[in-house]
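First the structure, in the form of structure tokens, and then the observations on it.
Note that the chains are named A, B and C in the order they appear, and that numbering of residues resets to 1 at the start of each chain.
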Amino acid sequence: MEKLLVFVETKGDEPRKATLELLSETRKLSEAGSFAVTAVGLGKISERAIQKTLGYADSFVRITDALLDDYTPEGYSEALAAYARQEGVLLILGAATQTARDFLPRTAVLLKAGIASDVTAIGWADDPMTFVRPMYGGRVPARCTFAGYPAVVSVRPNSYAVAPEGERRGEYAEWRAGVSPDRIKTRVLRVEVESKGKIDLMEADSIVTGGRGMKGAENFALLEELAAGLGGAVGATRSVVDAKWRDQDDQVGKSGKTVSPKLYIAAGLSGAIHHVMGMDTSGVILAINKDPNAIIFNYANYGIVGDVMEIVPAMTAELKKRTGR
Amino acid sequence: MADDKLDAVIVGGGLAGLAAAYCLADAGRQVLLLERGDEPGSKNVTGGRIYLAPIRPLLPGLFDDAPFERHVVKEALTMVDGRNTTTLSYVQDRWRHAPYMSYTVLRLRFDQWFSARAMEKGAFVVPRRRADDLLWEDGKVAGVRAGGEEIPAHAVIAADGALSFMAEKAHLRQPLVPSRHAVAVKEVYGLDSGAIEERFGLDPGEGAAHLFMGSITKGRFGGGFLYTNKDSLSVGLVLGMDALMQGSEQFDVPSLMEEFESLPEIARYIKGAELKEYSAHIITEAGVGGLSRLFTDGMVVAGDAAGFALNMGVTVRGMEFAVASGVIAARVIDEALKKNDFSAQFLSLYEKRLRESFVIKDMETFRHTADVLSNPRLFTVYPACISSLLDAVFTVGEGPRKGLYRSAMDAAKKHAGPWSAFKDFLSLRKI
Amino acid sequence: MTIVVLAKQVPDPEALVEVRSGGKELEIEQKFATNLFDEFAIEEALRIREKHGGKVTVITLGGPKATELLRTALAMGADDVLFLEDPAFLEGDGYATALTLSKAIARQGADLVLCGRQAIDDDRGEVGPMVAEFLGLPHVGAVLKLDIGDGAARAERAVEGGREVVEVTLPAVITAAKGLNEPRVPQVIGVMKAMRAQIPRVSPADLGLAPSDIGKAGSKLKIERYFTRQKRAAVKFIEGTPEEQAAEAIRILAEVERVI
């Protein structure tokens, strides 16, 4: 049976939601007997994360090496490539997070393998296997195949659903990587964390984004309340980031992040193409704008012509009534 | 010139600017052309058709391999009275043979070609740059400023179109007066060349130019046009700007265009064609009375920026005026460079040469055209009158018929007072 | 310092892209621009040279119009350019393209390689890290701030909920994120000089590459077909007073769409 390797990324004590989405998908294949799935972690992983992951994979291998305690693209890629080579895996998969997109391409080169980045759908049963990835700012999905294997794939968050955790399926094992010290040439000097517990835009199920129609940085508090009620994140348009009301990290759009949440609420933004390209694949889009001719309404499922300052708090209140949140 | 200054900076990459750039580069001058669009031609709109005879002698041989569309062999004029139309169509056999009198043209294609020719000669054509201001030295124009960068030059040619900012900055231009300008809207429809030839009764390579006037502009100054290109049709409307500004509901340009295109005559031509382009532009129609001042120390004004365009009602000429004024400007600047004299006095030679050429001569001849053409009766009464007359002549109904003279008199009385008709007739002598 | 910048000419972000021939081909409006993220890379290279001295070479692999990108780089102040012009280089996946570019870089040597974090047409973000691996160099991706020191560089990048400062030894590959700098607008005088410049080219043979190594032929990931995105149905407006609209919106999202 062919082997699949799924790179497990953690956030604090937990495996990342995007990793669990991917493992939920690969678990189906394992249950069908199509592939053997091994979850792979690098460096320090918490016990809790390991246990949780074992509810989704046939086995969890933690690749250990002192040099892997801190993430470096050169360290992670060498270790993962070495393990993949030893196991003779068919595919190495990972959620297309910033980290994975940073080191998986190097892994591919080490394995002389092809890579498909930010894939949104996989045709496992196709022969050869097919991978769909978005091009041209998401306007043109392209279906691709590999000329040979092994191959590396990163999967866009929110492409699959997280299934309920199953019973512990498999074994935990460790594997010593022999990472060469002179390969490691980067060193993290310091990390400045601004906001803990902020939900990552790429993984959020709901996003509320504000544009210039919010009329000021202080009014984003209204969006944050709504987002909190939804259990989601707050995004920003380019003009709002340029005006320094919000961080570059929060920017949704061509030169910011591309997101695909289940629910996208566009509040007080016009819908310029460079923004739309970053959220067009969202599940349901609700737009709120004073101008009935705003372009954003061309891209939304539902629209409210009105004042965001009135509508948003009213929605938050309504949500509280329903869910008690 | 061995110093830092460029020989000339040309503002605007339309036909006047490109012609000037070509000529100056050909004369060995270091010339820079600044065009604010993505490329020359991207911001230019024409109906349109260019008359070659006046400009071939100015640039011999150059136009032999120009990407023209079709040479026009058929001229048509339609007077529109609601859904009734009267069309006069003329084919002159001479026009069928080289050298061709006029060609239909698509600006993006043509201007790009012209720009490439100018660059081959050594001109620097720089797109995506807007000249925002002039540079001054001792009260004389000494270059331009573009995006914060100063570009000194011995001479500036302002060829930046009907709303020339450069001419304004040099106080040469009169501010925008609506009655002197018109708005043109145009659509280009893709249509197979065989279908075009079929629909317009043309041989391969031949073209037709068709003008429309009457109720399509709801009694105000303006008209419609349709030109055949190689594999597309240019269709559009021209509307006097003050007519638009006095606007009531009916002067909504898109609806007028829609109505115009729904006329069976037009609809039939564009049936099955694919809309490829939509554009709008301001054109100057004031004639010689509305010309800007054409020169000052260190600068001359050419093309639409100077107001060189001529609406004759049945034809509109602008392109060859632009080319000619660009060539003449270039030659005068070349001579100024030889003499190192860029004073207004020397550059007055530019106006003198223009007056000796068809550019101002034709504008003088047709000086009163705009006035005559803004007579509202031309767009309402006379088309209706002609329509009534021809209706009486051609329609055979149930009852007995009137004599032709009788029919004519009845039509005239119905639509036009005899006295105003006589006055109008007299005024035609002016055009 | 020898600085090499990898820059790509891409279709203008607003250019029309249409799927044709049943998904086999793309028809792309022929309007081009320098990839946004590569503009930051070019600008950063020039700033580093201004501060530390050295030479900036800009390399591009692209179609015939890519000379415009190189002339703009020269107009901005680059010392040298190099054009990988052969059509056989084109349409490569990340692997083939990175392999090709790494050979071009190795041929002339570099203390620092800069490129954008990803190209806005292919949206892959692979070439930067892969070039680094092919050259056996470290890399730092999506950099917001870069300081060059003695034999090492300090790079700041965004990480979840904050910023990370990384030190990397040189030579290294750095990929640029938005916010790294404000690219300069080349002066017209620079543009005029660049219009006259000679653009050197290299062929696959110059790089020691066989046709099977490069472009489409050398790709490990093949594009089978393209799809047209399904358009969303027309928007449904929610009417009423603000309170009514808000309540209805929540109801729809919870009960009809089930996304809450």
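We adopt the following convention: a residue touches a chain if its C-beta (ideal position, glycine included) is under 8 Å from a C-beta of that chain, and two chains touch if they have at least 3 such contacts.
It should be emphasised that the depicted structure is a prediction, and the values quoted were computed from it without experimental measurement.
**Q** Which chain would you call central, comparing Cα centres to the global Cα centre?
**A** C
**Q** Where are there more C-beta contacts: A-C or B-C?
**A** Greater number of contacting C-beta pairs: A-C.
**Q** Starting from the mean Cα coordinates of chain A and chain B, work out the distance between those two points in Å.
**A** Measuring from centre to centre gives 57 Å for this pair.
**Q** If you average the Cα atoms of chain A and of chain C to get two centres, how far apart are those centres in Å?
**A** Between these chains, centre-to-centre, one finds 21 Å.
**Q** Quick check: how many Å separate the C-alpha centres of chain B and chain C?
**A** Inter-chain centre distance comes to 43 Å.
**Q** So which stretches of chain B touch two or more other chains?
**A** Residues of chain B never touch two or more of the other chains.
**Q** Using the touch definition up top, name the residues of chain C that touch chain B in the complex.
**A** 31, 185, 187-189, 191-192, 195
**Q** Could you please specify the touching residues of chain C with respect to chain A in the complex?
**A** 11, 13-14, 17, 19, 26, 36-37, 93-95, 98, 120-130, 132-134, 137-142, 144, 154, 158-169, 172, 178-179, 219-229, 232-233, 235-238, 242-243, 245-247, 249-250, 252-254, 257, 259-260
**Q** Contact residues on chain B for chain C in the complex?
**A** Against chain C, the touching part of chain B is residues 32, 34, 38, 119, 124, 126, 129, 146-147, 149, 151.
**Q** Under the touch definition given earlier, write down the residues of chain A that touch chain C in their complex.
**A** Per the stated touch rule, the residues are 11, 72-74, 77, 98, 101-103, 105-106, 108-110, 113-118, 130, 132-148, 151, 185-198, 200, 205-206, 230, 248-249, 254-256, 258, 262-263, 273-274, 277, 280, 283-287, 297-307, 310-312, 314-315, 317-319, 322-323.
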